[in-house]
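Structures for review follow.
There are two complexes below, and they share subunit A, which is joined by subunit B in the first and by subunit C in the second.
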Partner chain A sequence: MPKCVIDGREVEFSPGENLIEVAKKVGVEIPYFCYHPGLSVVAQCRMCAVEVEKMPKLQTACSTVATDGMVVKTRSERALANQKSVMEFLLINHPLDCPICDQAGECDLQDYSYEYGSPYSRYTEERRTFLDLDMGPVIVKNMNRCIHCTRCIRLGAEVLGIREMVATQRGNKTEIATIDGRPLETDYAGNYADICPVGSLLLKDFRFKKRVWFLKKTATVCEGCARGCNMDIQHDANVIYRCTPRENLEVNQYWLCDEGRFNFHYVHDADRIMEPAVRADGELKMTEFGASLDAARAALKGKKAAVLLGTDLTQEEAKLLQEFLPKYLPNASVFHFGTPGIVSEADDAPADKILKRKSKTSNLHGFEKLGFKGLKTLPTGLDAALVIRGGRATLPELKGLSTVGIGVFTREEAATFSVVLPGLTFAEKDGTIVNFQGREQHIRRAIFPAGNCKALSEILAMWAHGTGGNA
Partner chain B sequence: MLLKTKESLIRRMYLVDVAKGLAITIKNFFFAPKITIQYPEERRKYSDRFRGQHYIKATNGVENCTACMLCPTVCPAECIHIVAGERPDKEKYPVQFEIDILRCCFCGMCEEACPKDAIKLSTIYEMSTESRDVYDRSFLMEQRGNK
Partner chain C sequence: MSDTETLFIQHFNEEARPLSYYLKNMAGYTGLKKALGMSQEDIINEVKKANVRGRGGAGFPAGVKWGFIPKQSAKPKYMVCNADESEPGTFKDRDLMRYTPHLLLEGIAIGSYAIGANAAYIYIRGEYVREAKLLEAAINEAYQAGYLGKNILGSGFSLDITVHRGAGAYICGEETALLNSLEGKRGEPRVKPPFPAIAGAFGGPTIVNNVETLAGVPFIINNGGDWYAKLGKLEKSGGTRLFGISGHVKRPGIYELPSGSITIRELIYDYGHGILGDKKLKAVIPGGSSAPVLTADEIDVIADVDPIMKIGSMFGSAGMIVVSEDYCVVKLLARISKFYAHESCGQCTPCREGCRWMEEVIERIEHGHGHEQDLNLLLSIADNINAKTLCALGDAAAGPVMSFVKKFRADFEAHIRSGKCPNA
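For the complex of A and B:
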């Protein structure tokens, strides 16, 4: 393999890699704003300029491909002077509103300003200001903070396939805006906030909710569709505040769709049933596990029942049910459900050109692998149903059946149910899900279960032992 | 082993020493400057840097605070709770600003961390109450002991 020398350290690299990536391998940090591994290289922020031997001028590391025998100095006098000057130029117009800005704490400009910038500003003229138009329901723009890296423009054009962000005017007056001030149309608008190195494009949903340094990250997988994008759940004190994509080049690259990004809201839904409930006098009344399990057993005993399993359950839960159901509900017919119209693996296809799949549940392919059958129409002559799901699978019509629900339901969804045993969402349990490529991915518990919700294994164990646990 | 010394009778009666001690007592009792003060009527002057009851400084009736959350970040007692919001005349302001004064250790780090000169510790030290209330926004906004 070819070798080059960066700051006196010898590095092996594969041909075609640029200097930023090569330097990362030996732990040398080259600062950059406009470069992003998932986007094209434009080399316009000039922050990554480094000194390369035998080249008369500084070279931008993002656009310079490493060659054999190259000698690079990232901290030479000229490189440092350049970094300091670039920082000064960028901060000329950048407002000092870090206390207000949600990006503070994960802001590239803030971090580099400490590391490479000057602590004082020599600028005395008035800063440029802009009036910001609304950008739709996902993104809030603050043009005053923009440093013109154009990552957002390139993201739209190259990844999302929609040229909605443009740069108008020139030079100091350059403004990043949507065409004619239209709101953003893409379903992937949250990525604009992720790639923005400063606080120009921020999530409306997360606005002023929490300072980022309080948030803890749990690496997990999105349950929004059969792709299983890798993401981090960011949470603090048992509350989820946002989800951000995690790099995985074979599944989702660096991106996450808005549906998956904001899917976590149902975990904290005020309408979610978090205590065991039994229907009495036409209303769901809160009880304890003992009483509601008795009611659940009674509702299914001696009836012709169907067991419906949501494909948002994990492999572990599905396997457990495969053992449990033949023993305790031997006469029931078992189906899986998830998305209307998606019955088997064959129905699952890409829903757009980027990430989304047609199956809106995460584990359809895992259920098929275990041999469960999909639900086309309910068999006739049924008089009871047991529905087990994680909170995302779309419920089929269950009118006229005495229904027992185990899992995550809102009051509205459980309107016809006779018993509800509250289960866990994807953020509250560990498990494995299988995506459309057959890739087994791990979901991890980020927060503790809400209310009196219990894991499916616990509920089934109580069912099997004929007890109500501690309750 | 104890050393035995032969002292005179006068010396052994300690009369001189008792008189000396009594002289010091009398001197201090009648002539030394008094330390104790008659508290509710008389008050001591504390330093301007004294760290007492908190308040949020306001300029022209608008709070200086922008809810940047640096004070709850730095607070070692974790007694400050802020909820940020937006209103037409101010991009970010504290909708809720609570100080659990019973947990506060009056270290003054919140005042030091504040970039907006908003949270201040006044020299007020009379804070005893009959309930365990927390200081809420409206209480803190009164410019009590403004400095």
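For the complex of A and C:
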């Protein structure tokens, strides 16, 4: 492998790698704003300029490909002076409103200004200001904070396949906007907020909700479709505030769709059933597990029942059911369900050119692997059903059946149910799911279960022991 | 001037001459005919021998540039003529297109054949409406006469030339911004490398040459590279140059002289007939407004690429802007800086932020609201822009500021101390 020298440290690299990536290998951080490994290189912010031996001018590390024997100095006097100067240029028109900016705490401009900036400003002229138009339901724009890195423009054009973000005007008046001020159309708009290095593009959903330094991250996998994009759940004090994509070049690269990003809201939905409930006098009434388990057994006893398993359950849960069902409901027919029209893994296909899959549940491929059959239509002559799901699989029509639900349901969804035994969402449990590539990925518990919700294993154990435990 | 050979200027007297004039009086299209019988390498070698330095501003040898085009290319190759001529103080290409459009077309055709391009574009400044129309008319004539189009003069070589009008951006004179604009994109310079010779217009290998550079090519082919090189009086600079003289001179205009044969002083006093009102000379901007300014003591320098570079300025497009002693240099710099701040594309940080900052500070000084420390601030901002931007526009904006403030510091200080323009 060819080698180059960065700040006196020899480093091997593969041909074609730029200096930013090569420097990372030996722990040298070259600061940058406009560069993003998932986007084209434009060398516009000039922050990453470094000294390369035998080249008279400073070279931008993002656009300079390492060559064998190259000697690079990232912290030479000239490189440092340039970093300081770029910081000054970027800050002269920046409002410095970090105390009221959601990006504060995870802002490249803020971090670098501590590291490379000057505490004094030489700028005494009037700051440039812009008026902002609404950008639709996902993103809120603040152009005054923008540093013109054009990552958002490139993201739209190169990754999302939509030219909706553009630069209008030119020079000092350059404004990042949508064409004709239209709202954003892409259903991946949240990524604009992720790649914006400053507080110019922010999530409306997250705005003013939490200072980012209070958030804890749990590395998990999105359950929004059969791709299983890697993401972090960001939470504090048992409340989820947002989900952000986690880099995995083989699954989702750096991105996450809006559906997956905002999927977590059902976890805290006020309408979610979080206590065991039994229907009495036509209404679901809160009770405790003992009574509701008795009611559940009674509802299915002696009936011709079907067991419907949501493909939003994990492999561990599915395997547990493979042992449980033959013993305790030996006569029931068992099917998996998830997305209308998607019965088997053969039906799952890309839903767009970016990430989304047609199967809107995470573990369809895992269920198929374990040999479960998909539900086309319910068998005739049924009079009862046991539905077990995680909260995302679309419920089939169950009217007229005596139905027991285990898992995550809203009151509206459980309108015809006789019994509900509340279970856990993907954010409240650990487990394995299998994506469309056959890749086993792990979801991890980010928060404690809400209300009196219990893990499926616990509920089935109580069922098996014929008790309601102490709950 | 009559005792030296000129190539162009004797024809600069009647607009919209038909093809027949070109064929009769300028040996029209004989160069193309000859070139089509030569090998591509031989043509490039003649142009290399001719020592043509690019007439657009950078002074890069044209033959060397042509040599960068790869022989084999999966994508089509392109020849692009840069007729954007947007540098203030430059107006030579306008006359070339107005009076001798066929000369340019022939030069483009020879160049296209030499690099193996079957499509050529003339990217012309949007304000040059008349010149664009004249070029269109000349192209139509050339198509009808068989000098353009399919199978030119039975050689099997085909070429289409398209005139593409710019929309009024200085930055589109920068070759990669020009290519973006030509492709219908925002006129912003590209990251180099790759250079246009490797990946230019529509991703294909592309040569971008100035109008005057290409207009000289037919002469090189007809008379040989050595002949053309000998027209110039300096070793590395062949041919003649079209000098544009503007500003406070008695006879502004275009003058054609052998490369490297004359000093700036001679140009101003012998050809420009001296300063208006017989005033003293205050300053000269030697190569379009982006060139660092020269004082009256610095004008005994040969007006060509290397000699002017040696004294810290730039020969650029050979457009001399002459400034008389009674004109306020602070006001002049304010105007120049306003231009560059306005024309910055806004892509890269130092130019976008710094040009506007410099403009604001200079404007403040000009109106008497400057501070003593502003001058060092200006030098510092300019230094932070210089050589640190994506394209040369940053340097073009920084050069004037640094040179004006250093060379005419007293004028700036007088504005600051008296709180107004002393000349007003």
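The rule is short, and it goes like this: the second predicted complex is superposed on the first by the 471 of 471 C-alpha atoms of A that agree within 3 Å, B and C clash if a C-alpha of one lies under 4 Å from a C-alpha of the other, contacts with A are read in each partner's own complex, and residues count from 1 in each chain.
Simple rule for what comes next: a contact is a pair of C-beta atoms (placed from the backbone, for glycine too) under 8 Å apart; a residue touches a chain by one contact, two chains touch by 3 or more.
These numbers were taken from a predicted model, which means no experiment stands behind them.
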- Message: So in the superposed three-chain picture, is A:T174 touching just subunit B, just subunit C, both, or none of them (first/second/both/neither)?
- Response: second
- Touching A:R46, do we find subunit B (first), subunit C (second), both, or neither? second
- Task: Based on the superposed arrangement, let me know which partner A:L58 touches: subunit B (first), subunit C (second), both, or neither?
- Result: second
- May I ask you to name which of subunit B and subunit C touches more residues of subunit A? C
- Report for A:F448: first if it touches subunit B alone, second if subunit C alone, otherwise both or neither. neither
- Task: Once the structures are superposed on A, label A:L90 by its partner contacts, choosing first (subunit B), second (subunit C), both or neither.
- Result: second
- So, A:Y328: does it touch subunit B (first), subunit C (second), both, or neither? neither
- Have a look at where A:H148 lands relative to subunit B and subunit C in the superposition and call it first, second, both or neither. second
- Item | subunit A positions touched by subunit B in one structure and by subunit C in the second | none
- Within their complex, subunit A touches subunit C through residues 41-47, 49, 57-58, 60, 63, 81-82, 85-86, 88-90, 92-93, 122-123, 125, 128, 147-148, 150, 167, 169-174
- Of all residues in subunit A, those that touch subunit B in their complex: 97-100, 104, 207-209, 211, 213-214
- Item | In the complex with subunit A, residue positions of subunit B that touch it | 66-70, 73, 84-86, 91-92, 115-116
- Per the touch rule, the subunit C residues reaching subunit A in their complex are 169, 171, 186, 191, 341-350, 352-357, 360-361, 364, 377, 380, 384, 387-390
